[in-house]
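There are two complexes below, and they share chain A, which is joined by chain B in the first and by chain C in the second.
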Partner chain A sequence: MLATYAALARLAFQRYLAYRTANLAGLATNAFFGALRAYILIALFGAQTHVAGYSVQGAVTYTGLTQMLLAYLPLYGWWELMLTIQTGEIAADLSRPVDFFLYWLAQDVGRAACQFVMRGLPILALYALFYSLALPPTPWHAAAFVVSLVLALLVSFAWRFLVSLSAFWTPDARGVGRTAWTVAIVLSGFMMPVAFFPPWAEALMRLTPFPSLINTEVEIYLGIVGGPALLGALAGQLFWFLALAALSRLVLAAGVKKLVIQGG
Partner chain B sequence: MILGHTMRLYFKLIGIRVRAQMQYRLSFWVDLAGTGLATGVEFLTLAAVFGRFGSIGGWSLGEVAFLYGLVETAFATMDMIFSGFDPDFFSQQVRRGTFDQMLLRPVSLPLQIFASEFLLRRIGRMAQGLAVWGFSLTLTHIAWTPAKLLYLPVVTVSTVAFFGGLFVAGAALCFYTVQSIEAVNIFTYGGTYMLSYPMHIYDEWFRRFFIYIVPSALLVYYPALFFLDKPDPLGLPSFAPFLAPLAGFGTLLAAFALWWVGVRRYTSTGT
Partner chain C sequence: MTPIISVTDLRKEFKVFRHHRGALGAFRNLVTREYKVVKAVDGIAFAIEPGELVGYLGPNGAGKSTTIKMLTGILVPTSGEICVSGRVPWRERRAHVARIGAVFGQRNTLWWDLPVVESLDLLRHIYRVPAERYTRNLATFRQLLALDEFLHTPVRSLSLGQLMRANLAAALLHDPDVLFLDEPTIGLDIVAKERIRQFIQRINRERGMTVILTTHDLSDVEKLCERVMMIDRGHLLFDGKLADLLRRFGGERELVVDFADEVLDAAVEGAQIVERDGPRVTYRFARDAISASELISRLSARYRLVDLSVREPEIEATVRRIYEERLLDNDGG
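The block that comes next holds the complex of A and B.
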């Protein structure tokens, strides 16, 4: 069974590998936006050396990490599953002898791995050329960062899966999707670190699953969390994955029950 | 006479597009609100964290909002009027062969392309830009003079023309690659982001590029210095804020020249 999922992941990886020129062009845009975001944060800091736990170097590293994760987590949107519901292709996928959630998760892991290598790592390399980036303060932080990256993908996938299921109920699911991706972009701390928001907004944001997408990894990488809080941060990500995955299964069951596919 | 006929034809064709989009009224308004939200979060986020910093490059939130409001309003207006030249849209027209059909009709080619698409939902982004612009006026207390009042619409229209030039230049590239060029996105979407902040926060080589090669700084930053009565930290001549119409319409004309070269060289994809 595991071999099936591994094969699905590998195929997705290869499928995404095919878009080489698109990747290159996307990379240039990512790098340009990354440079702008670094300029803006440096200018915002001005003469201040530390703001809300971030040094200037930390803030620049933050922009590098977020630009690296942009394609990996596809923060700008993901429509694959939604399209299969809208076209009815989902009927074939549902009848496969694999778990439907894991079927998509395996493919998303392949996609994410490909985009991490093709889009994420080159961005980080470019950043390292132009800026002196901060490094994780201890090997523990570095290891926790890697675990956190994987957990972030799981949370992101469960959220995208759940949002895509809206296509069972509404023909305007694209609008639902666009709104959902926008919400995630802001509340995850992609646009600005969660710690920079006013305390009340920060407290509310931390009650949602979204900081688990971006903010958690950044805070681990920069050493803003450490000690027991570090394990707590990882546990938080795991909790949100399990919660969203459980909810997804419930919603999927309800959607499938409602689904009527025209025979052909 | 001929111009009058062209304009009547244009408005008739655009009217058809608009009516078609209004058929699904609820969808339209949801889309509009969604676009407004998606683009508005950028400024909301900046405003939310601004309190921690107080200023950016010596500029207050209200002053940055002036740049942002001008850029977003002008870009969204352009995005609506120049929908047909949007490289993403135009490259499809070329690939599908719809562009070939236009070449055969006895009507002005740019007119047909302007009339081929008109995305009314861009009003969502425009409204968002105007709201932030209005917000900046309540914070900055601009000392209005007749010259400023007269120059403001000129700057806005020039900025629309400038962004339009970027779309037309991007459309011209479609003749050579038959693929939309993402590099154009750097100048359009990246450009609006860059221009929403005061240019002096960027490095010198970067600023120079966006003054002398792609003159976007002359459209937004320099006029803003004039409206907000700010000194020029970069030391350009004192007439720099008034070059906006030249830079804006100059870019548009140059882009159309490039586009016509592309049209003359164009050989169909055969589809």
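The block that comes next holds the complex of A and C.
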């Protein structure tokens, strides 16, 4: 059972590894925008040493971490599942003796691992070369950060899976997708840390699953959360994964029901 | 023997949204929901014994694919019953799909950007094929389907014929009880078609695998199947021996002859001249009136022939004849 999903993940890793030029081009783009974002934040800080709990060094580290996570999560969008629903290829995937959600999750883990190594780590290395990066305050924070990275991927996957299922009902699922990815970029704290928003907006954002994608890891890494709050942050991520996964399964069952009754 | 597949009074209806045209129509589309019910499969029944190789024949849109999708568990019937190897396909889908193989002619089930061999290896894990059986099956298919020439090529770079061969191997790695083939030779050239047909024949004969093959190409069925089921507009029109189908409804064949010179009296008893274009004459003749070889020998006895070719009737014509005959039966009874 596990061997099946491990094989799926391994092959997805290989598939993404094959796109060498795309990986290099993506890396160059990430590096360029990373530098741009870092300098904008440095300029915004001006004479202030701290803004909403972030030091200048923390803010630059924040841009480095988010640039590192961009392809891993992938925040700019994911169309694979949606396309198979639109083209009807999903019928073939549904005709395999595996769990459909885990089938895609396993492949997404492979994809994410590849993009973390090919796109994420090099960005972090470049940042370390040009800026002085902050380090997690304690080994506990470092360990929690790693756990948080994995949970963020799970939340991200469940969200993308759920959004892709809209293709069962609308021929314009791409529009739904584009909107959903944009919402995630803004509300996750990718553009700007959630703490930088007005208090009312921040409070609202923290009620959504999106800060679990980016903001939670950054706050753990920089030590903005600690103690019991740290465990709470991880539990929050886990909660959102389970909630979105459960919802995904319900929506998937409805979509499959429509498919098997009404045809593709 | 108990049948491996049994189908009783199977029906599948689709609701099709009725679109109104024009500006006013667009408005009506918004406010009303009018549906038209299309009966894709309208009460069919059959049983298939283990080891049979059955041709499921019909023109485009007849309901062939809808039937196959119900048999493979992708579609749920509106009513009626299906039992495949003791299971109801859509109710026990995962158990069902683990024991069948399916190839849909113009649909690829392999991973687009992986080499063929990696896709097959992944399927080994998905279907949990024991390593030893996998090795044995792969060796067989490599030889029978000549997979070696593209085993390490990414699936996206395969030709259509190679894609079909790879998909066939993929569908059979786990030794399914039943193999469903939906238009497996569509769009292939003659050589590729022939290779696919020979392979289907071998796995049916040597492994005793039950095969259901849908096609709208009569020659597929002529080469492969003893038993034929013919469907049109959701109804099963014929279920029996291919030889009987051809004898009763085979329709008229055509012979196109190029004479060395233009001939004035080209008439032959039992054949009708349907077209004349200089030295080229087209005859139409029924199977029971005159055989093709008889017609050719009579013509060549009288004139010098440069070239000739026989055209088999289109499947649509065969369907039309079945309808005509049924109509006559009904009038008589």
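Going forward, the second predicted complex is superposed on the first by the 259 of 264 C-alpha atoms of A that agree within 3 Å, B and C clash if a C-alpha of one lies under 4 Å from a C-alpha of the other, contacts with A are read in each partner's own complex, and residues count from 1 in each chain.
One rule holds for everything that comes next: contacts are C-beta pairs under 8 Å (C-beta built on N, C-alpha and C of every residue); 3 or more make two chains touch, one makes a residue touch a chain.
This structure is a prediction, so every number in the text was calculated from the model and none was measured.
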item: Contacts of A:196 with chain B and chain C, given as first, second, both or neither; value: first
item: Touching partner for A:175 - first (chain B), second (chain C), both, neither; value: first
item: Touching partner for A:207 - first (chain B), second (chain C), both, neither; value: neither
item: Chain B versus chain C as contact partner of A:11, first or second or both or neither; value: second
item: Touching partner for A:47 - first (chain B), second (chain C), both, neither; value: neither
item: Broader residue contact with chain A after superposition on the shared chain, chain B or chain C; value: B
item: Chain B versus chain C as contact partner of A:92, first or second or both or neither; value: second
item: Touching partner for A:2 - first (chain B), second (chain C), both, neither; value: neither
item: Chain A residues touching chain C - in the complex, by the definition given at the top; value: 3-4, 7-8, 11, 14-15, 18, 88-89, 91-92, 94-98, 259-263
item: Complex contact set, residues of chain C against chain A; value: 14-15, 66, 69, 72-76, 90, 93-95, 97-98, 102, 104, 107-109, 111, 113-114, 118, 121-122, 125-128
item: Chain A residues within the chain B interface of the complex; value: 21-22, 25-26, 28-29, 32-33, 36, 39-40, 42-46, 48, 51-52, 172, 175, 178-179, 182, 185-186, 191-192, 196-198, 201
item: For the chain B and chain A complex, residues of the former touching the latter; value: 27, 30-31, 34, 37-38, 41-42, 44-46, 48-49, 51-53, 55-57, 179, 181-183, 185-186, 189-190, 193-194, 197, 201-203, 206
